[in-house]
Structures are given as structure tokens and as C-alpha cells.
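Down below are the structures I want you to see.
Next come two complexes built around chain A: one with chain B, the other with chain C.
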Partner chain A sequence: MGLLSDPKSRERFSRIAAKYNSPLCVLAYVVGVVWFLALAYKPFNHRTYFSENALLPGLVEGKFRTENVATRISQAMKDIKDVNKDGPMPVAWIVNQFRGLGLDTYTQEYIQTIPVPSARQSEEQGKEMFVQLNGTNVYAILRAPRTASTEAIVLSAPYKHYLNMDHNNHAFGLMIALASHFRKSSYWSKDIIFLLVDYDEIGMEAWLQEYHYTKSPLLKSSPLHGRSGSIQAAINLELHSDQVSHFNVKLEGLNGLLPNLDLVNLVVQLCGRERITVKLHQQRDPFPSEGWPAFQQNLKTMSLMMLHQATGMPNGLHGLFLRYHIEAVTLEGVLEPGRSSTGFYRMGRVLEGVFRSLNNLLERFHQSFFFYLLPASDRYVSIGMYMPPFGLILLVTALKAIALYISIGTPDPDPWDGAENVVIEHIQSRKTGDGQGDNTDSKRGVTKIRTQNYSDGDVWSLVPVVSCCQVAGFIASISPMVMTGLGHLFGTRPYQALITGATGMFFASLFMPKCITRNRLACTVNTLRLWKCAALVLQAIILAATAAANFSLGMLLAVTMVPVCAMVRPGKLRFLQAVLMLLVSPLGLLIIYTGLYLLLTETEYHGVVPSAMHLCTIVYYNILSGVIHGYVLGTWQYTLLALAVFPNWLFFWCIVFKKRDVPVVENKEEKKTS
Partner chain B sequence: MSAEPRAEQRPQFRPVPKALKYIFGLGLGARAVLMSSHLAGWLQDRLELASPVTSWTRMTEGLSLLDHGISPYEGDMFHETPLVLMLFYCLSKIWGGLIPIFFLLVDLVTGCLVHEVGTNVCRHLLEKQGRHVKSYSTDSLSLLLTGKQLNSVPRLMLGAYLLNPLTIASCAAYSTTGLHNLVIAGALLAAVQGNRLLATLATAVASYQCVYPEIFIIPVAMYIAQLEQGSRFSFRDPDSRLSLLQTAGGHFSWLGFLWALSFLPFGSMDWLYSTRGFVMLAPDLTPNMGLFWYFFTEMFEHFRIFFLCVFQLNAVFYVIPLAVKLRDHPMFHLHLLVGLTAVFKSYPTFGDAALFLSLLPVWGHCFKYMRNLFLVVCMWLYSIVLAPVLWHLWIYYGSANANFFYAVTLAYATAQIFLLTDLLYAFLRREFHLRHGPAPKEGQGMPILMNLK
Partner chain C sequence: MAAHSGRNWAGLMFLCLLFVSVAASSNVEDQVGGFFKSGHTNNWAVLVCTSRFWFNYRHIANTLSVYRSVKRLGIPDSQIILMLADDMACNPRNPRPATVFNNANQHINVYGDNVEVDYRGYEVTVENFIRVLTGRLPPSTPRSKRLLTDDRSNVLVYMTGHGGEGFLKFQDAEEISNVELADAFQQMWQKNRYHEILFMIDTCQAVSMYHKFYSPNVIGIGSAQVGEDSLSHHVDPSIGVYIIDRYTYYLLEFLETVTPDSKKTLADLFRVCPKRVCVSTPGVRTDLFTRDPNTVLITDFFGSVRNVEITTETITLKRNVTAQSCSGSSCPGSRRGKRRKKLAYANQFPVEAAYEEEVTKPQWHFPMYFVAALSVFCITVVSAFRI
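And now, the complex of A and B:
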């Protein structure tokens, strides 16, 4: 505890922290960012390995032979769909398929109330404020012959494909084929639940809520008549055709949750055994795996994963299982033209292997990592590796806050020259009355004001500013719903009202510094330093807490916000600062990162204007889905941005425009003009 | 600025000042809004706000057991004292709506008590300064207290208690921590007024309710003895000893009376094991903000008794060295003990720390010598924000583990310990400067460095 109790080393530390503050900050930031990027490079990350020995993948011999069932069923389902296009799910037919295999088959109906209707539906149903979605889930349980239904594994598939409205009949075909194969075997020690979900996430959420007896006010569903034990793991299946060239493994779940790395390893390993290529975010593992191109490829995969994770929205149905502490991944079978492809036989063998390994589990997944980033399907960056660079980036905030805190009471070299001049003038005009004075006088004045002006008054001036910012954040968090309600009264389209609500508060609050200037807060340089110090401390807390829950979101926020917010100072180069601050505002960041995502995924470039339009559309939909998912699925990203990040940002924004507050300077200018 | 304390200026009865009205209004409003919002149910089960002793969920269990004619102390569920149980039983029998009103009132009264503690301690400090001012260095005028504090400090304390988000949340969670704070604040007030009968009763009630305030009796006894004996006070003086013994005797007889009173409703002393025994033996290792649970889950069972003694001694032992070091300042000693028990007790909550925080403004004149204030504030904010986040990740999502949460509770405890040691250091250093001037020099004329070893 030398640093805390020994005044000498303490003084030395504070002297270094104050004197070399800017170089230290730059160093910490640069090292942090470079270190983090370097983690995608092969020598700096690790090869994945199995922590859970009970899985025993590869020990079983695949016996799956019912691929013809898969072909038949998927064709039959396609025929049904061709007859009634966009009709409801053929529940009776699906139930018959499961019953035909002798499985316990049940259905579950649900009604979801969507607080914000989509544009299309609102036109159809007039000005209906709340729209209701009805759906039916079908599930069948294969009872384990060896135990008393205390544990279960789930194989799920959406009736329609996740984002595009394509049908998922191939996955259903494979599901039936696997069911007919599995029910012949006697080695199952866990129940297997086959679940076909209507309406993507909402149906899945309805089933999971009912299974775990949790309730949500917007979602009403009929009770489940058949049940099994606690669900250990789940695999969600999406197949785009009967022949696939690779499996795209989707991991990111609700609120940035990730499945246990062992499950991911298991899937990757078994796909490798059946020689099916595995991709993450449609990105192939680089070959050769070292060198500059490989690094670029790894970095791209990792960035895409982080961008996905940061949104907090699940990119597959598996994402909803994770909230219930059930490890789950989505396997998306994709056929890439011009690549060699495999059929149901191989896919079935992969899934058979996965389920037999899961069947071997003796306890829940707990051994391997829950916090990780994947630069390639067989390389991982764990929490212990990515947290130090993140800590270095946060160190910038901490160092700045410490330097400001130290500078509040002492006449050490001043980090804020611009602000200091204001104070000098302030004192001069106060002392001499005419704003004139030589240099020595003013220096004395500065020293004097520094030693005297640190009073309680400074601390209390934080209260109105912070509470104003928080109120603005609170309004921003509730305004989408309020505006939708108001828009309903005035006949505005719900989507537009919602967007107005979400962004309106942001634009309105840009004028907040003006309002703060009105009231006569004493604003000496010390007060401003204290303000910035407090803003930095708050920022560090927000970023740390965000990174603990959703690392990618925390990291992406920190990388951009920290350097800009650390540089902010009142007065100087206000226009440049304003532009930078706007760039790192929540809306600016959304645009930047959406642009980055498009840059990484889109191959074609259409020119500046179409690309910009495309970007705007995507940003628009991102805001919409962020807000709506918050209500329907309980993601907290929008709330976090509105209630924590945005007020903090607003605080910095006020600091940038704070110089006007010193009334004496204005008086002096008036005198000069007169 | 006058150096002379104006102790004879007793504040006359005045209408309640505007600032106090605002504080009361805001504090009560925030509590009422939070109580009626849907967050209340969620708050009731927050381990940061409700320990197994103070949890409202357990209180309802106790009430319902009592309703069915079963003693709640026979099971392993209920650990609140019988008198409090009886109180809530009566309230719930009269009208269920009385209970939130009761919790509001408890916090309100605690706020008033804290306010009074502030006024009285300030007056006591001023009087003391008046007695000792002759022995102070002539340079240290700027360090002296002024009459102004009599006005500002109590208001600050009231605000710090009633507007503290931690006490607001803890009140909305119906945590009986509010009740514990009430009796502790009562003990502080009774102690500073120096009436032996009242002070011993108040400490007895506090220790009956929360066990750890038992150690308060040492500074309280010293304070009363010093009031009676004045400058003649010493541990060797028979009169002083008699006074100390009288206070201790009073305390224990009151405690005996309270125990007897608690014996009546159930006709047995089983409750003693369920309340006091529970706090002392810490059998419930559900995670909380304290230091016990992690350590005792990790430990081999046969070391349990030994470490239990170590941990409980750690919570109470500091009273002895502090009694020696702060012999002339029992009031400060008493306030430090409130903070110490809030850290080291077996089942602490945020509400306990909030009471200590609201007592801090009395010692505002020492703050300029505190060295880790920034660090403490940062650590405190971090742990309060991160504790629920990591708890959620651990328990609900299963992705983090116990170590994450324990790290936060460690940071929380460390922040409080820093604050306590820093306050002690600042207090002692101010005393030093009062006697030697604000910038004492060494033999060679160099400014001397202060060190706390």
C-alpha cells in the first residue's frame, strides 16, 4: 500500500500522471488498440480445445442412413407450400409426420402483441395501434429409454427462414429423418425435443417462456401439455437447400450472450470429420493460416462477430435459448454456387454425432469459456486475453480523470490553456475593473483563484447538469413509445413516429448547452475540470459495466468515445470538437459501425449516393429493430444507450460549449465595442 | 471569521426551513413512487438491499407462520427479532396498507434523528473546541470550526440520508435495514446527548436489534464518563471507573429487559439462537455484499469455528485500539464504529453503508486532509454499478461465476476500509495541525511529511 499511504511515492505518482499525461494517454490508447487488433493474429491467440471430456466427440460411429426420408419429407412439404403460398403453417400435416414416427407430439398456440405495428400491417388493418400475431409451434418429444425424462436436448428449426421469407422445408425434412433414426436406438439418456417454430423469434420465445413458466405481458400462449426435463443444449437448423456447400455457424445471442465454447468446438469438430466446411459469418478460415492475408481474414471474421454481438440481437433462434442458460448454436446450411456440396447423408451424420456427444454429457456445460471472440472457427481469444487491451483503453479515461482531479487544487502546469485565459481575464476584470493588467498580475490572479476557488459550490454545480442529462436520457428512452402513441392521434405512420421519437430527443438535446448557459452557474476553470473529471469517471464506469455484460458493445464504444472524450476541453476549436463529438454520439456511432459492417460484407460498390442511401436505410432499420426488440424480446441495448451512454455523451457536449458561461468576458467585449 | 465558538447560542424553535421541506418532500416522493412502481418487487429480492436478516420476503414468511400458530424461530427461515416481528404482526392485523407507510415513516424519523445527531455533534465539537482552544497553535485559526456549521452540516446529513439512492432503494425494498438504521441513529443521538439512562437504553435497543452495536457501549461509556468527570477522567481514576461500570451495567440491564420482553410472546428463548446466533455463526452462505460467504464456502468444514472467531473478532476488535488512540474523542470513535460494523458484519447491505455515509458531513472539517477520496468515490461507484451486472451474469445467464461477483464485493469492502482509515488519518492529522500549526517545520526548516504507519 505504499502508493496509498506513503506521501512521497504518492506525490511522485501524481507528478508523473500530471506531467506526462498526454503522452501516457496516447501511449495507452495506441498500445491498447494495436494489442487488441493483434489478438486476431495467429501467434497471439490460441487453438480451441475440448474442456469437457465427457463429450467424447468422434468416438461414435455414424449410423445415419435415413437420408431418403429427408428428401421425401422436404419435397412433400414444398408441395404443400406451393399450394397455399404464404399461408399458415400446415400444423396438422406436421403433427401427423411426428405422430407417424410414434413420438409424443404437441402443439402450442400463442398470441404476441406487438406494440409497434409494421407499416404493411397498419395499412391493412386501418389504424390499429397494437397488432397481434398468432402462431402455432409444434414439438415432439422422443422419450429417453434409459432415464426418467430429467434432461433434454432440443433440435429446433424455424418454419420460415430467419431474415428472408424463404421456407425451411429441408431442415424439417432432415429433422424428421433424424427423428426416425434416433427413435430406433436405445442408448439415449436424455430426451430429444424436436421443435418446429412458427414466426421465428416470437414463436421460440413463446415456447421457451411457457416451458420455463416465465411470463411476459405482451405474449400470451397456451400451456404446454407435454414436457421434458431441464434442457441441456439446443441446435437450431436452417437449410437453404438439400445440398449445402458449407455450414455457417451462428453464435451471437440475445444481449451479446455466447454459447459455451465447448459446444461450438463440438460442432466445428464434427463438421470437420464429415468434411463439411465451417464458416463464421460466411467467412472461410484462411489458408495458409499464417501471414498477412490470413491476418486480414481473421480480423475480418472477428470484427464481424463483434459487430453482430454488439447489436445484442440474436442472429438465429439459438440466441433465445441462451437467456435460459441453455447452450445453443444455429447451423445454417448454405449452397454457394461453384463449390462442391454435400447432401442430407453427411449433414445427418454431423447432427447425429453432435446429439450423441451431447447425450454423453454428465453435467451442464460449464468447463469452457463463455466470454470469447473467434477470429477463425478453430482459434479463440478468451476474456483473459482481450480484457487487458480494453483496460489499457479505459486507462486513458482514468489517467485523464486523475490528472484533472490533481490539477483542481494545485498550481501545477495547466492542461487547459484555453480555459485558463478566460479565467485570467475574468480575474483581471474583477480585480481591476477595466479588464487591463500586465502579465504578472494575471498570473498571480490565477494562482489565487486556484487555491481559493475549490469550494463546495463546485461540487454542487454537478447536480443540475448531471440531472438534466439524465432527464434527457430518460425522455429518450421512453419517447419512441410516447411518439408512436402521439403519432397515432395525428395519423402519422407508426414507423416514422417511432423513429422521430428515438432520434428527436437526440437532436433536441444538442441545444442543451444553450439552456445551461441561461442559469448563472459559477463556472470557473476548476468547476469545468471537475465536470470533466466527473464525466470521465462516469464514462469509465458505464464502459466497464457494458463490457462486462456485452464485451463487443463496450469495446466498440470505448475505441471511439474514449479518445474524443478525453480530448474535449471547453472553448478551443469548438467547431472541430463539435464535429468529433457528433461522430461519437450514439447516432453517429451507429452510422459509423453500420457503414463498417456494410464495408466488410458487401462486395459490390454502387457509387457514393446509392451507397449512402443504402446506409441510411440500414441505419433506419437498425434503430427500428433495436427499439422493437427491446419491447418484444427484452434486449437492453437501446435502453442502455438512452439511459447511460447518451446522458454521458451529453455531459461532454455541454462541456465543449461551456466557455460562454463566463459573463465577465462578455462584459469586457461589450466595453471594447463601446 | 471568529475563532471563539459560540456554544451558548442555542438555536431557538423555528419553523422548518425551506431546504428541509424540499429534502423531506423529495425523499418521501421518491420512496413512494419507487414503492408503487413495478420495480419494488424486483428490489425486494436484491441481495444488495436485503440480507437474510432484513429481507421482507422472510418477514412475510415469519408473519404467515405466526398466523398459523407456529413459532417462526423453529425453522431456518426467519432471523428478525421477536419485538419487530410482533410490531409488523400488529401492523398487518390492523391494516396491510400501514406497512409501506410505516417504512416511509421509519426513514423519515431516521432522517430527523440523523439531522439531530448532526446538530448535537456539531455543538459538542464547538464546545470542546472552546475548552481546548488555548492549547492550539496560534497559526491554526483557519482550521477551527465555526458556528456556521451548526446550520449547514445537519441539513447536508439529512439530505445525504433521505436523498441517497441506496436508502431510497432499500426503503422501497421494505428491507428492515431501515429499522436497523433507525435504532443506530437513535443510539448515536442518545449518546451525544449524554443522558445515561437514555443512552444505555438506546444502545441496548440497537444491539438487541443488530447485535454488532454491542461494541458501541465502550465509546458511549467513555463519553458519559468524560462528561461527568471532565478533565479528571482517566481509566485509573475510581470515579471514572465507577461511571464506566454504571453505563455498562445500565446497558446490560436494559438488554436483559428487552430479552425478557421477547421471551413473553413465545415462552422460550429459541429466538435468541435464530437471531443473534444466526448473525454470529453465519450459517447462511447465500452471496451478499459482505466478506463472509465466499470465504466460508471455500473453506474446509473443520476450520470453520476458528475462522468464524477470526472474522467476528475482526468485526469488533478495532474498538480496543481505537478506544486507546481516540481516548479524547469518543464521539468520533463511535462514528467510526458505525462504519466498521457496516463493512465487517456478517450480513451487510447497502443500507448499512448509507447510514455511515450520511454521518460523514459532521467530519467535513477533516476532509481537506483526506487523500483517497477520489479513489474511494470511484471504487464505490464501480462496485455499486457492477454488482448487479455481474450477479445477473453469474446467476441468470450462467456465463460469469462466483469470482466475478466476489471481486466486486471485495472492491466494495476495500473502498469502505479506505474511507475509514483515511477519515481516521485525516482526523488525527487535523488534531496534529491544530497543535502545531498548519505548516509545521522540521528542525532544519524543511516542511515535514505526514505518514500513517
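And now, the complex of A and C:
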């Protein structure tokens, strides 16, 4: 007999769930959070290992000797850039470099429309009112000499780092050096595609879309004239200088996708072999790997990874490959002053080793984990380890919902204990003691209650409130684009209009409880219990589904929203509850987590006001990029927040502000009188 | 020898009449007989690599190395069944195309000249392996892919691949269990398909593969005990793979010292690759074997030393009179007037044979159930008319 199908044990279970509800909830939450944080501690996580036999990492000796080519090419590219600063990519020159090596070289042109009205162009051209970016990708294919071109691996590099407008000429130099070295070898079983991308992510997206014959209405590109087979893996290269002190390995991709752990291991292992330090999110692996400082360091690395992953925005070009199930990482070569550094020779050897190993692959990466968190470059927390604590945190929601569901229909106000009882009695005493004062109000309430079955929660009362919240969510999801369109008419600057659209609905909907109250939806205690129960169930579903797709987002939402949402109840301490609810609103969470991110990464502290300003700017850009990436790259974080998390939050918000109509008064009064 | 004397056997047998002087006849007989006491007349080898993929390069190298050794010691290609599950020489990842080396020094290209691979790639299956051993191959199978052994054949079976306790993995899809293997050997025994078998296996937990053997005259040698892994010997950094397994590496080192006339015995073979170099512990099983391993030459299995049977009796060979004198109806075999069929070479292609068969068959052929159904139908119709 199952726990819930056996009436006897069900009764016992429900009694326990109801009786010890609050302690159980607190216990589950605390244990869940502590357990999760403890996973960053070395004894609780595992050392990474290779699952894929075929990789044979580092067995082969490196033969890369063409580092002088890298130096020459990167210098030449720098000279071109110095002459023509901020000019377009020197396509012809790049093509010549590849052709000089005898590779099949092709270019691809594309036009990306960003659905934001451009301030400048709109007056001149009637139709082309949107911002348009056009660029050219250059790619060269090294054909595997002894196989048909059925498989390929990609070495890509952005032409510029558009975020900081830094030129990536060193990466191109190294790419050409590797190409000239690879060209001489006969052992390739996969084609190697060298890809230089214009305009970071957009260019990459254009190339990938065209390669896989997928189309986007906003992105027009010329067809690819040269193709290879299915891409097995990709390495993206960003070098800030010709000497690097460490490689920063970037993993997080679009919508929180991660590359297979085997690929990460491979890169880490080969860097270790060439004695190049590997960092994750610029965080060094702690040296005495155990102890309190090591734990702090590990926790910091893991939190940074989660914060990055939760945004759903790729932190490098590799992130776009992941959508096509191509495992990819970005190697960012960083020169930290004061550290020993290595040049093109060692970097080339690392990449050669990585490519030799990838060349050995027989199948796509599939052996190792796709869902993991890394507290250090050689330690991992797998999905099997981080899901139980997450489940415990969600258990709070479930327990609360069960307790409320059991309590529906009982006059016993037990689950709404403490403050709730006070509220109920308070209303009663006001009614009975005051007599005349609230007479009209209460009478009206009573008469209304009489017309409905108040012994159970009124299920139909959920319909208006849930649909109102959902409509609000829908409006929030489309409002940025609507507002930019409208703002364009009124001459507002597009990004400001966009932000207004994104946040405006949020602020507007704060007044929703008022509207609902005015609509006179009658609410008994039981109805409110049902409301909250439904809200909690919805929340659990949303969080669980989110965590399955993007664990970090789900976890970060759960850790903050669950306790607050489990505590809120209509009535007392309304102001405090409102403050808490605002903190865990989507916008509040964005601010909190951006603040946390800045706290973890920024070393300098400039004072309260500048920091707050800085924070606001970052939040502003985060919203902006969240919305725009949703349209351009297809991230769904903004949509998810607008369509699922925000309506759910709004539901709770309404419950907080819901004025309870007179509860089960008659029984009590009869009892009192009798 | 005694066991077989009564049997009516066929196959390769070289009969040599020795003329010995009357005075020293018995003494020399003993001396000469001492060389030829094994009782086999032909040698066969079945060499199997069961794993594919580039990272299993070493298994191909293992098998090819043993192939090279047995060939050097005299077993011809026609008597070697070589099964290789993958083609490393032509693998595009191979930096030295068309070669397979068994040592990082790259002295010996074991894929050198004249390697005759009988079963390759996906042909290497458990079914094919068992069929080869037991001789149950489809009629279309060419002779080079058959194990045409008889009861005077010494067979070397060498296997390598990835194994576990009681099984050896074939390709990535299937595995052979030790029980199946033991049964296959028993079938060989019952079908008079071997005289003695040396079974050698280099895989993890290798000895588990011969634990279930129950057929006589089988020696089992395994590279690792149950619970032990059989390890690779070294990496060739220029090729980028583990190039050979430890047991086979030392086996080859030993076999390189063996010549067709060498007097090394099985006992020397058992001492190959002690635990200190092998890391795993090789195991031997001799309880099914009747002879003393100390007196059995290595070349009884790894070579093809032709055996000589001595007889002191004079055998008078009769003239084969039937072939000449018999003709037409006077032959005793064609007493009923049957014409003798004209002799011809067997057809090379089974398709043709099948075609001929089809032509000679009656054109109309009614299956039983059709006839039955028709008769039932007829009866029904007739009875219906009567009514």
C-alpha cells in the first residue's frame, strides 16, 4: 500500500504533516541549504575523471613548432588594425592568410536585425527602422586527408571582443600557426574548420544557423559555399596578449547549457600537462585544497558559475555551439601582471593536444556529465549530488501546500497558527465587540458568505486571480517590444523605452491586489488557504521545471523565493511581508544577485553611492541584454521570468494584500453564545 | 598415439619409410622416435582480436604479433585463421599509414608483407568464431576461411580483447562466455577436429575463460587472474596510443628466441611474463592435458614441424587397378547401369550451384498445406453439389 493510497497511513501522514508543519519546513530548508553549500567542500564532491576512452589525452607528443608564425601574423594583424581603427574586418587579408596555407577558404556575409528602433536611421529610411548589423565571417576548412568529410571540429575566434572592444589578433595568429602545423599532418580523421567571426555572438549564430540550415527571421545570411560534416566539438579562442599567465576556461552557454564534462577535463588536463594555470571565472584552484580558505574559494567559484549559468547568456562564443549539441568551450588567455607567463609555443601545444584528442573521438561526447557544477577545475558536483538538496528546499513548498490542503474545510485554524489565529479573533472581536461600527461591512460579508459554500475553498475563485496574474505576465513578456515601438513614435530613446517596458509592467502590477479587492471576490479563510495552496503547487512546479532546464536559475530562485513565499499569509505584518516579497520579486532578485556577483568579483569598494550606481548600471544592462538576447539569440530567461515566475510571484503578492472577508463566523458565534 | 591408432583417420600424413640397419634398429628407433612423440601431423592457428576502435590499437598489434611469430615458425597462411575486428593500418588517425607496430621503437611492422586477414571488421562475431572452430560454416565459405583440422591437428587459439569474469567482449555488441567456448571445444573434440589445443588469452580476468573447459588435451594460458586487469605495456608517443599489452609483449620477446628447431618446451612458455613485469598474474591450466609440459616442444603449437611416423614393417603398395581396368557396365559400382558422373572442379561461386539446382528442380511445387487445402475445398464443393 502506498503512503497516500492507504487511508490509515494517509491520515497519519497528514496529521504529522499538519502538526509538525513549521518545524519540518524549517528543517527541510536549513538542511537543504547547508547540504547544498557543503557540496563545494572537497570531501563532499568528486574528482573529475575521463569517461570517454577514445580521447587518449596527452598520449601523443606535441610537435607544434610554428609559434613564430603566430607572432608574425598577430603582429601583422595588429598593424592593419592600427591603421584602420574600428574599421571593418580585413576580410581579404584574412582570406589570403588561409589561402596561403592551401585551405578551402570561404566567407559568409550576414545582416542581423535587432528589433530595437535605431535613433539615427529611422528618419532617413521609412522601412528600415531597426538597428542592423552586418558583418562577414571567414572560415577555412582543412580536409582530413584520409576520410570523407563526415565529421569536423572547429577552432573559432572572435575578431574583436566587442564587450571591451579589444582586438583578438593574437588568437588569429595562433589559429594560423596551428593551421599551418595541422596542414602538414596526415592523421586527421575529422575536418578542421578555422572560423573567424565578426561581431561576436551574432556572427557565430549566423554561421551556425547557416551551417545547420536553420533560419531566423531576424538574421539573413549568405549561404555557406563550403561545408564539412557534423561538428563534433569546438574550441573558441580569446587571447588578450601574446603572453598569457593563465587560461580562463569558460563553460556556460546559452540558456545554461554546459559542455560535456569530458571536454572540460580534456582542456584542463592538457593545460596542466603544459603547465599553464587554469582558472574558472578567473578563480584559481585553492592550493591547500582542504580547509576553510579552500572551501571559501571553492564556494566562490561555484557561486560564480551558478550566477553565470543562471543568466542563460553565453559568456563566450562557445555558448552558441551548445544549442546544436556541439560540445564547446572558450579558452581565454589572460595575462595577469606579476605572474609567470607563457607564449604561443605552449598555447599551441595545448591546442594541438586538444585537437589530437578530439581527433581520436569515435562518437559524439556522451559519456560524461552534461549537468554539473564545478567548485574547482578538477572537482565536480554532479546532478545526482545537487538535486537532493534542491529537492529538500522544494519540499518546504510541498509540505506547506499539503498542510494547507488538509486544513481546507476544517474550522480548525491550526496551520494558520500564531499570527493567523490572532487575526481571525481580531476580526471576530472587532465584529462582536464593536457591534455597530463595522456593521455594514461585516453584514455584507456575512450575507455574501451565506450564498456560497464556505466550508470548502472555492475553487472557481482561483480562476480570475490566476488568469489576471498570467495576463500580467504575458503583458510583461511582450511589453519591452511594444514599448520600444510606442517609444519610437514619441521619440524616446529605444533602450530606455525597452527598459520601461520590461520593468513597467512589474511596477504596474504591484497595484493588482487593489483591483482584485475592489472586484469583490469573496474570500473566506478556506478560499485563501486554497489560493495559497495553489500558488505553492504552481511555484513548486515552476521551480522544478526551471531547475531541470537550468539548474542554477532554479536553485537561485528557490533558495530565496521558497522561504518567503512559504511564510506569507494574508493579514498581519503586511508591510514587512510586502518588503520581503519585493525582495524576492524577479526584479528584486536580479538586483540581489547582481549585487552578489559584484561582491564576489570586484575587489575595490568605492563607497555606498558609487557602488549603488554601479549596481544599477549593471542591472540596467542585464535587463537590456536579457531582453535583446531573447530576440537575437533565443535565450528564454526573460520569457520564463515574465511568463512563469512573475505571475506566480504576483499571485503571492495578491495573497499578502488580500483582505479577508469574514471567516467562518457563524459557527464561532454559535459556540460562543451557546 | 595409442588412442588414435585404431581410428580410421584421413588428412595430411606424410609417410616415410626408413631403411635402418639391422644391427642398431631398435636403438635408433627410440632415438628418432623421441623427436616425434607428439602425435600431431599438422598445425593450425586461430588468432582473434575482438575489439575495434583506435584506442584498442594494442589488441590488433597483439594479434598481429602472434600472427607474425607463428608464421615465422612455419604455419602457413592457409592454416591460420586471422580475425581482426578493426583495421588499424588504414585508420585515418594512424600517423604511420599502412603499418602496425608492436613496439615504440617501431622496428617491426607487424602489418608488413603478406598479412592475410581472414575475418575482418564486422565479420568478427561470436557466431563466426564458433562456426570456424566447430566447422559449421555455410557451404559458400572459401577454404581460406575454414579451419580444416582433423584429429591429428594441433591448434593454437589466441584471443585478445576486453574481457571480464567469464566473458570476452566481441566488438561492442556481444560477448562470448567461457561456457560457450568450452562447449565449442567439446564439439571440436567430438567431431575429431583436434589433437591438442593450446588456448591462450590476453585480456582482463583472462583465466576465467578457461575455467569451464572440460575437453581433453587442452592447455589454457591466461594473462591475468580473476579480479586482475591485464595491462598495456607502453605508449608510442608518435602514434599516440598504447601499443601492446604486457603479456603479449613478453610472450613475443620469448617467441623471438624460438626457432623451428629449438627445444624450448611449454614449461618455458609458462614462465613468460612473471608478475613482477606483467603486473597481472598469468595463469596456466594443464589438468586436461595428458602429456608433461616439460617435454612438449613449443613448436608443437607455434610452429609447423612436420611429423614423421616410423614403421619397421614393409608396406606393399597395391596398384590401383580399379581406375584403369573398370569401364562402362563392367564396373562393380555401376552394376545397375548408372552412368558415372563426370568429375569436375567444384564451382567457385555458390550462386551458380544454387542456380543449377533451381533449374533441375521441378518447376511446379505444391506445398503440403496447399494440397491439403485444395482437397478440403474439393470435398466441400463435391459434397455441396450432392446436397
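Keep this in mind: the second predicted complex is superposed on the first by the 600 of 674 C-alpha atoms of A that agree within 3 Å, B and C clash if a C-alpha of one lies under 4 Å from a C-alpha of the other, contacts with A are read in each partner's own complex, and residues count from 1 in each chain.
By definition in this document, a contact is a pair of C-beta atoms (placed from the backbone, for glycine too) under 8 Å apart; a residue touches a chain by one contact, two chains touch by 3 or more.
Here the structure is a predicted model, which means the values were calculated and not measured.
> Between chain B and chain C, positioned on chain A by superposition, is the outcome a clash or a fit?
fit
> Determine, under the contact definition given at the top, whether A:Glu604 touches first (chain B), second (chain C), both, or neither.
In the superposition, A:Glu604 contacts neither chain B nor chain C.
> Under the stated touch criterion, name the partner, chain B or chain C, that contacts more residues in chain A.
Looking at chain B versus chain C, the one contacting more residues of chain A is B.
> Go through the superposed model and pick first if A:Arg356 touches only chain B, second if only chain C, both, or neither.
second
> What is the contact status of A:Leu322 with respect to chain B (first) and chain C (second): first, second, both, or neither?
first
> According to the stated criteria, A:Glu61 is in contact with first (chain B), second (chain C), both, or neither; which is it?
A:Glu61 contacts chain C only, not chain B.
> To the nearest 10 degrees, give me the chain B-chain A-chain C angle using C-alpha centres.
70
> Between chain B and chain C, whom does A:Arg146 touch in the aligned arrangement: first, second, both, or neither?
Once the two structures are laid over each other on A, A:Arg146 reaches chain C alone.
> By how many Å are the closest C-alpha atoms of chain B and chain C apart after the superposition?
In the combined three-chain model, chain B comes within 13 Å of chain C at the C-alpha level.
> What residues on chain B touch chain A, complex-wise?
For this pair, the touching residues of chain B are 371-372, 374-375, 377-378, 381-382, 385-386, 389-390, 392-393, 396-400, 404, 418, 449-453.
> Note which residues of chain A are touching chain C in the complex, please.
Touch residues, chain A against chain C: 53-54, 56, 59-61, 144-147, 185-189, 356, 359-360, 362.
> Applying the document's contact rule, which stretches of chain C touch chain A when the two form their complex?
Chain C reaches chain A through residues 53-55, 90-95, 97, 235, 237-242.
> Show me the residue ranges of chain A that touch chain B in the complex, using the header's touch definition.
4-8, 10, 257-258, 322-323, 325, 364, 366, 370-371, 402, 405, 537-538, 540-542, 544-545, 548-549
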